[in-house]
Structures are given as structure tokens and as C-alpha cells.
Amino acid sequence: MAILLTRESRVIVQGMTGNQGRFHTGQMQAYGTNVVGGTSPGKGGQRIDGIPVFDTVSAAVKATGADASIVFVPAPFAKDAAFEAMENGIKLLVMIPEHIPVQDAMAIVTRARDLGVVVIGPNTFGIISPGEKTKMGIMPNHIYQSGPIGVVARSGTLSYEIAFSLTNAGLGQTTVVGMGGDPVVGQNFVSVLEEFKHDAATKAIVMVGEIGGSAEEEAAEHIKRLGKPVVAYLAGRAAPPGKRMGHAGAIIERGRGTLESKEKALTAAGATVVTMPWQVAEAVKKLV
Amino acid sequence: MKQYEYLAKQILASYGIPIPPGRVVDTPEDAEAAVREIGPAALKAQVLVGGRGKAGGIRFAQNAEEAKTLTKAMMGMDLKGYTVERLYAEGKLEIEQEIYISVTTDGNTKAPLIMASRAGGVEIEEVDDREIVRRHIDPRVGVEPYFGRELAAALGLEGTLFKEFSDLVVKLYRIYRDKDAELVEINPLAVVKGHLVAADARLNIDDSAMYRHPEIQRVDEGSVLEKKVQEIGLAYVELDGDIAVMANGAGMAMATLDAIQFFGGRPANFLDAGGGASVEPTAQALGVLVSMDPKVIFVNIFGGITRCDDVARAILQVKEGVGIPVPLVVRLVGTNEAEGVRLLAERGIAAYSEMAEAAEQAVKLAGEGR
Amino acid sequence: MAILLTRESRVIVQGMTGNQGRFHTGQMQAYGTNVVGGTSPGKGGQRIDGIPVFDTVSAAVKATGADASIVFVPAPFAKDAAFEAMENGIKLLVMIPEHIPVQDAMAIVTRARDLGVVVIGPNTFGIISPGEKTKMGIMPNHIYQSGPIGVVARSGTLSYEIAFSLTNAGLGQTTVVGMGGDPVVGQNFVSVLEEFKHDAATKAIVMVGEIGGSAEEEAAEHIKRLGKPVVAYLAGRAAPPGKRMGHAGAIIERGRGTLESKEKALTAAGATVVTMPWQVAEAVKKLV
Amino acid sequence: MKQYEYLAKQILASYGIPIPPGRVVDTPEDAEAAVREIGPAALKAQVLVGGRGKAGGIRFAQNAEEAKTLTKAMMGMDLKGYTVERLYAEGKLEIEQEIYISVTTDGNTKAPLIMASRAGGVEIEEVDDREIVRRHIDPRVGVEPYFGRELAAALGLEGTLFKEFSDLVVKLYRIYRDKDAELVEINPLAVVKGHLVAADARLNIDDSAMYRHPEIQRVDEGSVLEKKVQEIGLAYVELDGDIAVMANGAGMAMATLDAIQFFGGRPANFLDAGGGASVEPTAQALGVLVSMDPKVIFVNIFGGITRCDDVARAILQVKEGVGIPVPLVVRLVGTNEAEGVRLLAERGIAAYSEMAEAAEQAVKLAGEGR
């Protein structure tokens, strides 16, 4: 079992003929993802590793019945790609590119809400469901393993670190979701926790958060009614206030967004809060 | 990308928002001439930090002579770590009332957020929550004039101010949209002779959207080193410790700082080498760390898209080029880990696989820790 | 009984302090409309003929529980007024002004669809429900009478002509709807016919159409399944092709939109088509 | 408001759509100079009617001498009722293929409609429906580049044309939006040396939106009389009969024409006096009808906002001013009917209350009918 992405998902790759698109299409196939097609305007008719390339998503969907898409086009073209996917019936959309203008991200996410599309990202490593042997993303294949833990993270490498430590501790994952590091992304902790809540296979959840924003505080409210144990690790303890740390937009504002307020809220909600990434696996073990 | 006050005001003015008369000056003589022209003026340091006024970055010149003297004193002064290189001489205002207004993006609701308060003039962080009116904007609808009127009514404005404020809200949102602003703020929005004037303004443009704004001036931000690393395309922030740090991914880089602090060390910087940086930029970034002259350099990599062998190659390139004269701690796992570890081992560098161990060792080598 | 507008409707007047707004507020009250408030930015707190004036629709709705609004502001401000009404919960919106830019009308109508708002107009005389003694519009009060006929028209004076002839023939009306003369308006014949279909009091329907567009052809399709008799009169028999007749935008294009094609479609659908306005009442009499 | 071809093309060009080299000329000498500069050229009459080419409004000049001669012949010629006052000299194109594309508003779906066809170069009305690709645009989404690509794919374009056409669709929609266009059409969109060029263009701006487009040139349309009435703010169209007609409301005015035809008469014009015109403009409009020298004048009023007494006053003002030298038939019912009828009766004018009777009488007085 898994959330959002399952074996039934029929995946296309937008921007499949670029370096990144081509490489990760291969990686996804190797992992087991059902990649049914790709798009690259002007290159329709080609095949890459046996997968048909189309000029438009419209043509790809018609020919393959795709319902999910992963986008690899450069940031200035990402909004176009996202709308092309959504207006042509794609219901799960993974936006890999970073540096997408926030206004574009807002337009994408707003439209997605109206159309009932689940957007993962932008600026995400994607989503992987080890139990279903399928992924849409750029995460390394070998660090995951099937098991009962759901993982939701803001940023990429940190989640690899933690997923790998879970795997090494014998704690496999149902699904690992990367929400994306940008200021405006499709998911938030609440929406992903809600999915995990309804996934019978998920027995415990790991939340990987950061300073800035108030997503963790909102998640805390939700955790009270979740009915499943949660371990939370938040990065940014050593970050000085007012400084922006990369594209995570980790700026501390007005008490909200400080590590203290987040950890306090999460602890009060019943979550186990750990201080360092290497403490996560141990904490999870105590709960399952 | 933050904009200097005078640039922000130029943009405001181009949208029809009233600003005080003003001129950029960078010599005492300039200032003298400016004040002769516009009369008693505020001399405002053009630096990209908040709270300039309290830090002595805003001074008042009653006449041209005073302007000259003050400018002499202010030019080159240090303001919260930034050197003052130019001033904005702006006609002094007889302010009757100070209002706050800003438009920004709220990542939680994924919608633009407009905030306004009649307790303007101070940082909004210092204003009581109950005195702030917060309204989200539906991005599908945008800001029609009625939205401005509702906001004006919520603030209790009346008459001329009601009308002027309503109009201003529409313009401010248009700037936010047209210019891909992360923040557009007028504080204080001053009432002068019964009319609104943007007495101070902040405008931050979304870095990711700068490519579509050739009309907006590029503004250098940060220290020399910060600029240098940012030019390579990596995210870098200077801190005040002595362990230079490089990691891949913003979250990972933050966690690395946390780990150093956890073991009692003090990180010298934040450097996100990116999710998939190749040999050359990684080597350049590492070169920057060397030039910082830290006690220790700590490289913490979990290879996803980043390939461990690329990182190893970058390390060796720097080591064999400019050289790495301080202790180096490398933690290297993930994609192509074996190859990367082997490359380093060949040149006598032992790589750690556990982040905790590596961080502890880095702190130890810096002569710190518990 | 009536459609869309009933005695329960709580009406505000946007732009109530202008000449037109003030005059027609009086006329509406005289007819029996439940006018609960009006708006005029900067004039909040006043009263006009005992009706409270508010600065914003938001304030008006909060104070009066209004759910319907009639807009009298000048065309350049009409889009703003419409959005103000819709975003503040108004569900029936009558847009009187003419010369509203088509792009504005399109934005209004699109948003209305998303929010479930019924828009009458723009460039309309409004809607009147004689049986309920309530109206939102600028039509003369004395020409209507309560009875079993539903009337839907594109343009104003022509509908007065026909409504009055019905009244004079003893055929009263449930509701008379003016869809508006602009190229883009909130209603079409199909949507109004559908309302009349479900109104038990309406026994027969009069459609007053024009050359141009294909609304009448689409209505014909609907009439086949309507279950109520329809009399149709269409103006523009003598209009030469390619000429625009006023703001009705009556331009004949490509066979669609000609009087012949419209009358043929309506006749085929079972409607009684008459040639001149003064033949309508007689034709209706034969049907009820 | 229609725009002349050369104005439409200037706007297209400002959005980056390629147009052929061209210049406006209004004397034979101008044309001579222009052709000397741009080489063999088409001389295109700048009139606001379709099908110019077939009517002789487009001629080709191989050289400057020919351009002079042709221009002499074309200037002042009558083209479907319009006098040619200026030409557009445009470099001759070696056209390989002709495509049609337009954006307009579809009132039925209340959405923009884009139409394209590879059977360009003729009026779209003459193209087989199966050769036209029609796509509605969701106004909430607008036209992103993918929409252009889908359209290009639907037309079967490939390579350079696929890319150029996709880009052009985005720009065309932007013009439609930015300029409040009712219609923006390129026909033919020519393929010249493998690239797209807007060989002819039509741009109609929404009259109601002209107030927010000071950048767009006002273009006079229609006959002298039509312009005169339009200046009063009323809708007027010239027809070829002899019964001059005034009514209030577009639908009512159309029905009045129908009624005249029904009884065998021939209307001379369409004149919508508006839903609420007051005395002065109504009198002015009536004055225009008098100046047309018709056989009969027929005024058909159902007073809603229009007050019958106002109409009566307007009639009397004209009668007692310039005079009404032809038979006048007045039908007057509705708001303030009694007062209006009384005012007319005092001056010897009997008003009808039934439209049918009045129309029949007007036709009879014109000496026509059955």
C-alpha cells in the first residue's frame, strides 16, 4: 500500500529528451515506475528506451491514458508544462524544477485546487512508494525499502539521509513524499498526513521540517487527531534569524517559524521530537 | 532580490503612487546641491537592512551646509554590517499620521497576503496583532477596487484618505504581480496635509523571476564572499564561526550546521552546493571555503543527484590546485559512493559515512566541543 | 410563483445615490421589491427614502443579509461592482449598465459560474416577477400583470411591447427576464427556459429573440424536451447581413444567426413562431 | 471600432509578430518613393471592408513608375461604398502557403474562440467547416504556450512553422486581451521562405473599451450621416429604402424595420434612439432623419425609461425649428404617454398607440405597400 502514487499510476515525463529527463526516465523505469510516454515539443514520434515521445501532453494522454506526469523542463517553461498537464486531465503532477517564480507556482497550485490535481513540488525530489516499487522523482533508488513508515519532508537530501537511516534500521517505507523547498508548493504537512492517515499500511509517520513558515505548527493541530504516531525532526536550529538559507526561504518571522515554537507545538500534539537526523530511526523504533 | 529604497520608490511612482521629492547623492557636494533644490531633507542611507533610522542611517539636514556635513559623516559608515555608499536626499515631510501596508506571498495559504495597520512607522513585527488588518487575496480574482475600499473601511479611514488608500491598494497589488515581488511594503505610508505619501518603501523581487524583468536593476546584496559564491549559482550565507561547511541541499546544509552546534562547534557559513552540482562549481565553492581561512573544512554529502565521485574529484582538484591548508573532514555517502571514497582514499583522504561521527570530528579538529 | 427572483430575495442597490440608482430604487420599492440597502463608497451612513446606504457590499450584506444586488454604476466601474457583489456572497446579480467592455463581462460571467451566481445582463432591463410583486430592473411597473406566462427576451423595449400586449390580452406573467443586449451576458435562452420548466406556475413561455449568434438554435434543442408550449418571436427580418444593429451585435454570420435558420430550428422543435410582435398574444392564447 | 490594416499591423509588430515591410502613402509621389525604397510592392487600399482584393483594392507595382500610375488611379476610387483615401505600400511577398488564424469572443460559450485553418487567404466564411480548427480558451487560464502547440499540431504544422505558429498564438491572444479586441485576425498568415509573416491583418476593438485605450487610434467608420448620428451617441445604420425610422432600443428598432417590410415598405435606416435618451439627442437624431429627405418619417416609441413627453417635445422642437417637410407618423405608448400624446395633439400631430397600425400608415403614406 502507498499514498498518492501506486502501481496503477500511468506516468508521462514532460521534457523527456533533455539530459535530466532522459536520465531519470531510465532511473524510474529501473525502479519499476510505469512510464508510458514522454513529451518534447517538435520531437514527437521518436522513442527513447522504447518509450514513445509526443509533441504535446494532449497527444500523449490520448495515446497512453496517462494520469500522472513528472515535469523536467527548465523553470521558465514550468508553468506552461504544468498547465498543459492539468488542462489535459493529469491528476498527479510532480514538479522537479527549482527556481520557478513564486507567482507561477501560485498560479499552478491555485488551478490545481480547482481541478482536483495533486501537485508535488515545485523544487522537489518527488515521491516514491517502495512497497509499490514505483517512483516519480530524482531520489536515489537504493536507499528505500518497503515497510510501514510514511515519510514527509520539505527538502531532498535531508530526507534521503533520514530514509536511508530508517532503511538501515530495518524500517521500510510506504511512501516518501518531498513537498518541495519553495515558498509556495502544492502540498503541506496537513494534506500529506491526511493521506497517510487513510493508508492502512502506514503505521507511523516521520515528518522532516525546517525553520520558517508555520506549516509545522498547523501540522501539530492535525497530529492531535491523526491516530498514528509521529516522529518529527526539524532542521535549522543553528540558523540565525533573518537570514535566508537557500531556497528553503528559511527566514524566521515573529515567533512563528522559530524552531522552539514548532517543537513546542509538535510535542504538545503528542509527536516525538528529536534533535538530530540520526536520532530519528531510534525514535521510530520505539513507536512501532 | 532586495531593491534600494530609491529604486523601490521609482517603481512606486511609475504606478502613480505619490512619493516625496528626492534625489540620490553620493558626495557631500551632491547633497548640498540637492538640499538647495528641495529644501530641508532627510538623508537616508541606501542600504538593504531594516531599522536604518534607529541605527543612525537617517539624518535630517535643515539646510545645504548641514547636508554637506552630514553626508561627509554618513558616506562610508558601517550600518549593521553594510557600508553606506550612497544616500537618498528626500524632502522633509510634515507627517500627520503613519500607516503600514504591504503585499507578500503567504506560503501556507498559497495566496497573496495584504497587511495594513494604522500603527505604521515601526517594523510590523513590533505592532500588536490586534492592530493589524490581514486579508488574503484570491489569485484568481486579484485586487479589484472594492478590495481596497473594504481594507480602507477595516482601517477606519474616511473621506480623502478612504479614497486614496483604496486606490493605492490596487496599485500596490499590481506592482506585486507585475514585478514578481516577494514583498512590497510602504512603511510609513504617511499622511501629509491630508494626503497619502509613500515615505519609505521596500521592494523585494523574487530571484527566480528576475530573468523576466530586464527593467529592474540588479542590486548587489551581501558580503564580497557571499556575492562570489552566489555568482557560481550556489546559496551561501556568512556566519560567525570557524568551521567552514559545505553540504548539498538547503535542508542538509541546515542540518549540518545544527550537527556542528550540537557537538559544541561554531559554523562559519551556510553553503548549499545544490542538489546536483557538478565538479567545477563544487570545486569553486570549496575554493571559497579555503579562502575564508577557517580552522576546519567540513564537507557533508549525501549523494542523490549529486554524485559522490564528482564531489571527490572537486575536492582533489582544489587540494592539488590552490591547496587545502586546514584540516578537511569529508562525509560521503549515496550515489557512486564507492568510487568517490576510493578516489579520496588514493590521495590519503579518509571519508566518513556517518554524519554524526564526521561532525564530531570536525568540531574536535577545530579545538572546540565539549 | 416565479423564477430566480421571489419575495424572499433581499435586494441591495449598488450605486444607489446616483440619478438612475435613486430613481429606480424608488420605482422598485413602489412595485414591492424588498430593497434592504444600497451602496455608495464614501456615502455610508446616509439614508435614502429610508434605506440605509453602505460604503461597501461587505458592510451591506453583514447588516441586511442581502442575497441579491442590482448594479447601476457607470460601465467602467461595473466589473468592480460585480466582483464586489459576488465575492461577498450575492447570488442574484442584475447588471443594468450598457457599454461594459466585453472582456469585463466575460470575467464577470466566468467568475459567476464558478461561484454559482446568477447574473442577469449586462445591458439589461432586469427581471420582474409580477406574481410576487417584486422586480430588479428599470422596466415600467404598470405594463405587467400576474399570470401564467414566462417571458424571456434579449432586448428591453421590444419585451415591454410584448409583455404589455400579453397583459392587454389578459395573459399575465410569472416572470419576465431580460437577458441583456451585449455579446456576452450571464444567461441564455436555455438557462432561463430550464428555470421556467421547473416553475409550476408557468404554463407557457414567450421567447423574444433576434438575428445574430446561435442562442435561438441552441434553445430549439432544449425546447424539444421542455414539456411546455413556447411562442417565439424574432426581430431582425429586415436587417441586411453584415450590418451591426446597435449594441445587439446583430451581425449575421455563416448561415448561423439568420432568421431563417433560427425560425426553422424553433419550428422543428415544436415552438409556435410568429412574424410580428403584435401576433404573440394571440398565438399564446391558442396554447393556454 | 475597426482599425485600418496598417494600424493593425503596427500593433501586431509591437507584439513581435513579423509583418512585411510597408509604408502608408497618400500621393502618387509618396508611392513612387516608397516602392523605390522597398522594391516591388502591393498597393493596398486602406478601407474598412473585407474582400478588397477581389474588388480591385489591391494592385501590384513592379517598379516606382508603376506605383505612381497605380496610385493615381486608386486614390479616391469607390470600394464597396467607401472612398479610398490612403494606400499601404507593402513589399511583395513570395507566398508559399496561406494560413488563417483569428481570436474572437464567442457569446454562446462566453469564452474567447480561436479559429485556424490551412485554407487561408480567403474569407473564413468560404472555408469548409472541416478545414477549420476551432478551440475555445478558458478565460481563467488564458493561452499558455502549450495551447499554441496543440493548435499547431492540430493543423499538422511541423519544424520551424510548428514553433513559429505556437509562439504566434500566444502573442495573438495577448493582443486580444490587452487591446480589448473583438476580433484579431491574420489572413493570410503567409509562409515566406519557410517563415510566418502576417500578410494581412484585421483588428476590431470593442467600442465599449475604447475609453481605456488612449494608445489606440480612433478610426472613423461609415458614411457622413452615420458618423453624425454616432457622434450624438446613438446607433445608426444606413439602409436603402425611403421610410426614415427612429425607435428606442435595438430590438424595438429592428422590429420596426420588420414591421415596415411586413406591410410592403422599405426602411431607409436603422436608428436606435437608446433606452433613455432625453429631449436634445432625440431631437438631433430626428433632425438627421429630416436631412435624409425620406418620403415618410416613422417614430416608434414604447416608453420605458424613455419618457413619451420627452419624445413629444423633441418632435415639436424639430418641427418648429428646421421643420419636418415630409409626412410624420408617430406611435407613442408607455411612460408619460398621456402627456406626450396631449403635447403632440395640441400641435396637430395624432399619435398611434398600436405599432401595427402606425407601421401600415407609414408605408401607405410612402405610396408603397400591398
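Note that the chains take the letters A, B, C and D in the order they are written out, and that residue 1 is the start of every chain.
By our rule, contacts are C-beta pairs under 8 Å (C-beta built on N, C-alpha and C of every residue); 3 or more make two chains touch, one makes a residue touch a chain.
Fair warning: this is a prediction, and the values are worked out from it, not measured in the lab.
By count of C-beta pairs in contact, C-D exceeds the other of the chain pairs C-D and A-D.
Chain A and chain D, compared by their mean Cα positions, are separated by 55 Å.
Centres computed as Cα averages put chain A at a distance of 27 Å from chain B. Shown for chain A are the residues that touch two or more other chains, namely 114. In chain B, the residues that touch at least two other chains are 140.
Taken pairwise by the contact criterion, the protein chains form one closed cycle in which every chain touches exactly two others. Those residues of chain A that touch chain D in the shared complex are 41-42, 44, 55-59, 77, 79-81, 83-84, 87, 111, 114. Per the touch definition, chain D reaches chain A in the complex via residues 138, 140-141, 144-146, 149-150, 153, 159, 162-163, 166. Residue ranges of chain C in contact with chain D, taken from their complex: 75-76, 98-107, 109-110, 114, 125, 138-140, 143, 153-161, 164, 181, 183-185, 188, 208, 210-211, 213-215, 218, 235-240, 243-250, 253-254, 275-278. The part of chain B that touches chain A in the complex is made up of residues 105, 107-108, 110-112, 125, 139-140, 177, 180, 182, 206-209, 211-212, 235, 237, 239, 247-255, 257-262, 267, 270, 272, 275-276, 302-306, 333-335, 354-356.
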